[in-house]
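The data blocks that follow each hold one structure.
The two complexes that follow have chain A in common; it is paired with chain B in the first and with chain C in the second.
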Partner chain A sequence: MLDRRMTQFNILRGAVAIFFALLVAAIFIFLTSESPWESLRYLLIGPLVIVKDGAIAFNTRNMLEVLAGMTPTIFTGLAVCVMFSANQFNLAGEGCVYVGAFVGGLIGVYWNLPPFIHPLVATLIAGIVCSVIMLIPALAKVKLGASEMVTSLMLNYVMLYVSMHFLNFYFADRSRGATMTHSFQDTARVTQIVSGTSKLSWGFIAALIFSVIVWFFMYRTRWGYSIRMIGINQSFALYSGMNVAGMIIVSQMIGGMLSGMGGSFEILGRYNQFLWLNLPGYGWTGITIAILAKNNPAAVPLAAFFLAYLNKGCMLMSTKTHVASEMIDIIQAAIFLFFAAEQFLSGYRQKIVVKTAREELLMQGNADIENGGAENA
Partner chain B sequence: MLKQLAEWVFQVEFLFVILRITAPILFAALAAVVAEKAAMSNIGLEGTMMLSALFGFLFAYWTQSWLLGVLGAVIVGTLLALMMGFFYLEFKTDIILAGIAVNMLGEGGAIFLLFMFTGLRGNTAILVTPNILIPTIDIPLIKDIPFLGKILSGHCILTYIAFLLVWLIWLLLYRTPLGLNIRAVGESPQAASSVGVSVKRIKYIAIAMSGALAGLGGAFMSMYYSQGWNQGMVAGRGFIALAAQAMGRGEPVGAMLTSLLFGTAHGLSSKVAGLPNVSSFLVSMIPYAVTIMGLFIYAWNRTRKLKKRGIRRLTGV
Partner chain C sequence: MSDTPVVQMLGISKIYPNGIPANQDVNFSVNKGEIHALVGENGAGKSTLMKILFGFEKPTSGTILIDGEEVTFASPMAAIAKGIGMVHQHFMLVPSLTVAENVVLGMAPKKSGMFIDFKEAVRLTEEYAERFHFDVEPNARVADISVGMKQKVEILKALVRGAKVLILDEPTAVLTTQETVELFRQLHELKNQGFTIIFISHKLNEIKELTDRVTIMRRGKAAGTYDTDAVSEQEISRLMVGRDVVLEIEKTPAEPEEVVLRVENLHFVNEWNKRMLNGISFDVRKGEIVGIAGVEGNGQRELVDILFGLISPEKGSVQVNGVNIADKSQRELRNMGVSYVPEDRMTFGIAGTASINENIVSDRIASPAFNKGPLLNMRAIRETSQHLIEDYAILCKSGRQHVNMLSGGNIQKVVVAREFSADPLLIIADQPTRGIDVGATELIRNKLIDLSREGAAVLLVSADLNEVMELSDSLIVLYGGNIVGYFDDGQWDDVMMGEYMLGLKKQSDEEVKRACHA
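Right, the complex of A and B next:
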């Protein structure tokens, strides 16, 4: 009874949080847009439907783009789930996506491998490189007690600048106007699922598969259990004999691996060269996704879809009605704050708990009276 | 090359520049110190600085008065911090997550708001007028001292305020009842509350002060340091400040010393960038790499001391 009501409550709470976030968005839209209703329409249903001459049609192209946009953020979302579950506030996913894309891209340019194998090898190596990088904050945390949060924040910049250095001085294609690598070999591309401009690649399927794998790891294996237990109560985990230090390292290495793979799939699936000159922001989106999913890997694709949908809506709103697309960050921050708020609507939750308890007591009481009556007879 | 670096470090102009570069980091580091004393990790400093820098500049532009601009920046910084405090204290949002949300606002939200208010994208270079920029002042007497005068005099007003605040924050924390309460709430909230201190109220005050200090840092960045607001302006200074706080043992003076260290790293990196055959990218990395190394050395030192006293940390290492 209580479980069911709590689920209902959690869904309601999520809905209210999203409502508030969209309300904030709407306020800004009404402040800035010349045609606020149209802007709002593009934001909310733009990615889903096309309205042409009064007729409404399903917008296949935009929806495919939404799905394509989920690929890197599912990976970063999973990465954050694993690290935050162990209470490791490692925020270097952002830099890892960049390095992963760079490493994956380089392998895509310079190695010669058969198709299908090529992108997989590139992505795997990108993941391994990033998990090794994550050893820096992880070991510093375990061996020295240095806060992984501050280290990882600094590490983002170090990863960006070191990659930029190698890109500019060793791997840049000088025949082009902008800084970028040579084109990837055809064998290195992650194949598209549907032809067209959407760029929805098999990387998306890989992301979904990894959601299942990471869920299995977190909820059905001994290591996953240890990681979650460290997050819930580190002293308990330590005194019950779990390898706390080892698991703290493992969780951050997995986080690095997943983020790096996300970057590699993204670059080999949707680009022809590596040409990012700044951190792409997928790492931070991953944090929002993990919060929305409550650190549950199984819920990550759904959360990623939601944010990719809003992102696409913001883009449409920006191109069609000139509201700056950075609106997405304001919406994201608002959703983030309300979702992370443990006590948001806690008064109402308390009422549900009390009401359920009363009802159960009452039923118990009635049952006792009946039983008691039977005994006395 | 090392010799050349050493020469630079002791040049008058370079020492002057270091103080200028240190000031914004110092503001943010002091903000981190005050919040951390009340047991709150204010990771939102980066975003707070971004937004207060933007609004400081805009207020100054609208009123054509740098003083009102600085005031606006402080108010915006305080409001953002209070928002963080509200979610943290009323809704039990993890303070780190609340900080990340503020950083998201600072990242894209600042660009959005700039566009909304002015129609500009990414920077405010065309709005800059001399009235907006915070003036520099020469200090009488000191400016006539040979070597020192050139280093210490002629800074922007906020630079002096930054270093003055080190002392003021120390006074506040260690010589006033409010400071005592802040430290008590940070060290043992139960004990503080058992003697009648309202933990919530003290935490609100601490986070608000933290936001106000970050606001000053933001104003310094947009209205003096980079002469106008632009997108990549804060560049991790809010995060570096957290490291400065940790390495400075959470004390105002310690934070000042580590801020000076990071300021020197920044200053050197812009000097080295001018040399031929040096990768500007590796040079840009220096301040962040120095910060990481500084953190590690500090943590290693502390761990060694704890081990000597036989204290094991919870990871069991």
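Right, the complex of A and C next:
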């Protein structure tokens, strides 16, 4: 009974946290917007419906864009889930998305493979490259005791600038005005599910499939089990005879792999060339998603949807009503804060606990003829 | 006896954030000038009740009266101000400071309002030590004094702060027999001077010896208060667990076979350059229980850590079935048939927020029995766990329950169930029953004997002298990193053990060498 109530409580807590975060956002919107109510409308329901001449219609195009926006963040969210489950605060997912997109993009430009196979091979290799890169913070942690948080954070910029160097000096299409690669071959594009401008590709389906795979990996295989036990209590894992160092490395390599694949699917599904000149931010969003999902891969698509929706709402709000698009960062930060705050609503939690315990005692008391249910009636 | 009780706790209930109802409508009352025992199994709610009295925890409901006056304690400071003092099981002392500095910590006398007056601190300590006949050295560093002495410092600390009611949480758990006698003498002295003492303990003989009245707790409720003279140990124990517990353990004589564990000339120096092991050698044979007795801190911790590969010895070797274990990982050791019940069960024994099922198979998760291709065989895991939960009488709602929702005794049963069911050749049991209830203790001790008689080699390390004396087929006493005694005749008692444990007696090298069966 307590378990069920705790689940209900956690859902409620999440909802209240989101509500407060939106409230914080609303304060800023009212401070900055000339037409705050309209801004709020775009933020909250803009992605879902179109209001035109008083009539309300479902906004299919925007919703498809929201789904398309989830593809890379589901991958990074899953990556962070795996790494955080092992208590590895590796933040290099961001750089891996960039390198993954770069490597995937290059294979899309230069290799000749049949359609369908081509983007899969590109994405797979992008993932492998990124998982090898993740060996740097992982090995530094295991062999030298260097904090993976620090090394991975710095590694993001190393990955960015090393890739930029290769882009600038070896792979740039000189016929263009801006720095970008040549166009991907047609065979390399990830096929669109719905043709049109939404760019919703089969990468989205791949992301959903991977959510299931990663869930099975974490909860139904001995490796996932070891990763979780290491995350809960590393001394215990070591004492139980698990290969702690090995699994710490593996968890980060999986994180790199997933992030890199997300980057590759994103670039081959939504772009014609590789043209990112800065970190795309999907890795950071992945951290928020993993926290919202409480490191549970099954909940990642939901959390990713929520953030993609907010993102789209913010974009609509900023283009239609001139509110800064950075509002999304404020909302994310506020959600982060309320979710991370353990004591948030703890008083209410305690009341539930007390109530449940009392009820259980009463039930026991009634069942127990000897004691006659005298206590706590 | 018409006086108002000095402490009255009425209708106290406490429900912890994890949903455990630790106290349910408990009434507890202590008269002035008595020594009042509070007994109960682990998880019965003694500690919680005392934490509430000392202001550590707030009760969910209920009232506390001190000298008939209702009080609410927001913090231990408030409780101290009302004359409540508590001596914790784990001492709250700063090792690098002197005795006097510890005594006045947080209330140090000042010179010109700014500087600590160390002379005054020493004087104050001496004054109190003299008044209560406590023989402590105010200028000694706490790091250098014995456990018994530390306890005296803790009691002094409480007295200097004006405590009229002293709560002692399992004070004898860490003491030798001689130190316990000394403590009891001092507690009587305090009682004669009008102090009130609440004495928390598992040890029924001590309660009989020391206390005037006893309150028994069972499953969060008070099961009654009695004059100690009017109840027997058996009665107390029955009230505690709700059934008769056979405290005497029955075991058949050991028939030791070949050597399983061979420890040769083991040396270890710790990080503070203190020599913890000084060349110890012994064997443990198949089918016998070898006990290691000794006051804590005489090398047991280091010995066990070396045996399970957690630290490396400076010199010497350890062999399991003839194989040197140097550089072996814990996984390799487990594959060699070594099981280990760790002293610190919360750190090494369990993953608290994982389920019982997940905890109980942690050492064999990679075994073919629990895997179908790449996937875990969840049904096999569930069934194994269910079987062990029943076999070890682990009190839980289901195997899916988080381990940290269980009481201390049941957590230890989870650990022991895993370690004992691993089909071990060698079991290293480090304080296997520390701080757990009588029922769980009995179960674990009997399982240990069964396993040894079925052919496991058992090394038992315990600070509970009764436990090592009752379970062991032969006994090793460690003192200052040396083996000072080896006994294999079963002819031992606590007084004799105490003399060896305190270093008053020592066997000759020849006698000690009998621990090796080469």
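Everything below uses one rule, namely that the second predicted complex is superposed on the first by the 368 of 377 C-alpha atoms of A that agree within 3 Å, B and C clash if a C-alpha of one lies under 4 Å from a C-alpha of the other, contacts with A are read in each partner's own complex, and residues count from 1 in each chain.
One rule holds for everything that comes next: contacts are C-beta pairs under 8 Å (C-beta built on N, C-alpha and C of every residue); 3 or more make two chains touch, one makes a residue touch a chain.
What you are looking at is a predicted structure, and each value in this text was computed from that prediction instead of being measured.
Considered on the superposed chain A, chain B and chain C are sterically compatible, since they fit side by side. Contacts of A:116 after superposition: neither chain B nor chain C is touched. By the touch criterion stated above, A:238 is placed in contact with chain B and with chain C alike. In the overlay built on the shared chain, the residue A:226 is in contact with chain C alone; chain B does not reach it. In the superposition on chain A, A:19 makes contact with neither chain B nor chain C.
Of the two partner chains placed around the shared chain by superposition, neither chain B nor chain C is touched by A:348.
Of the two partner chains placed around the shared chain by superposition, chain B is the only one that A:151 touches, whereas chain C remains out of contact. Contacts of A:337 after superposition on the shared chain: chain B is touched, whereas chain C is not. Residue contacts after overlaying the shared chain place A:31 against chain B, while chain C stays out of touching range.
Of the two partners chain B and chain C, more residues of chain A are touched by B. Of all Cα pairs spanning chain B and chain C in the superposition, the closest are 5 Å apart.
Common to the chain B and chain C contact sets on chain A are residues 235, 238, 346. Across the interface of their complex, chain A is touched by residues 41, 43, 87, 90-94, 96-98, 100-105, 107-109, 111-112, 115-116, 236, 239-240, 242-243, 246, 279, 281-282, 284-285, 288-289, 291-292, 295-296, 298-300, 302-303, 313-317 of chain B.
Residues 13, 15-21, 24-25, 60, 221, 308, 329-331, 333-335, 340, 342, 347-354, 358, 362-363, 365-366, 370-371, 374-376, 378 of chain C touch chain A in their complex.
Interface of chain A with chain C (complex): residues 2, 216, 220-222, 225-226, 228-229, 232-233, 235-243, 346, 349-350, 353-354, 356-358, 361, 375-376. By the touch criterion stated above, chain A contacts chain B in their complex at residues 28, 31-32, 89, 91, 136, 140-147, 149-151, 153-155, 157-158, 161-162, 164-165, 168-169, 234-235, 238, 244-245, 248, 281, 284, 287-288, 291, 324, 326-330, 332-334, 336-337, 340-344, 346.
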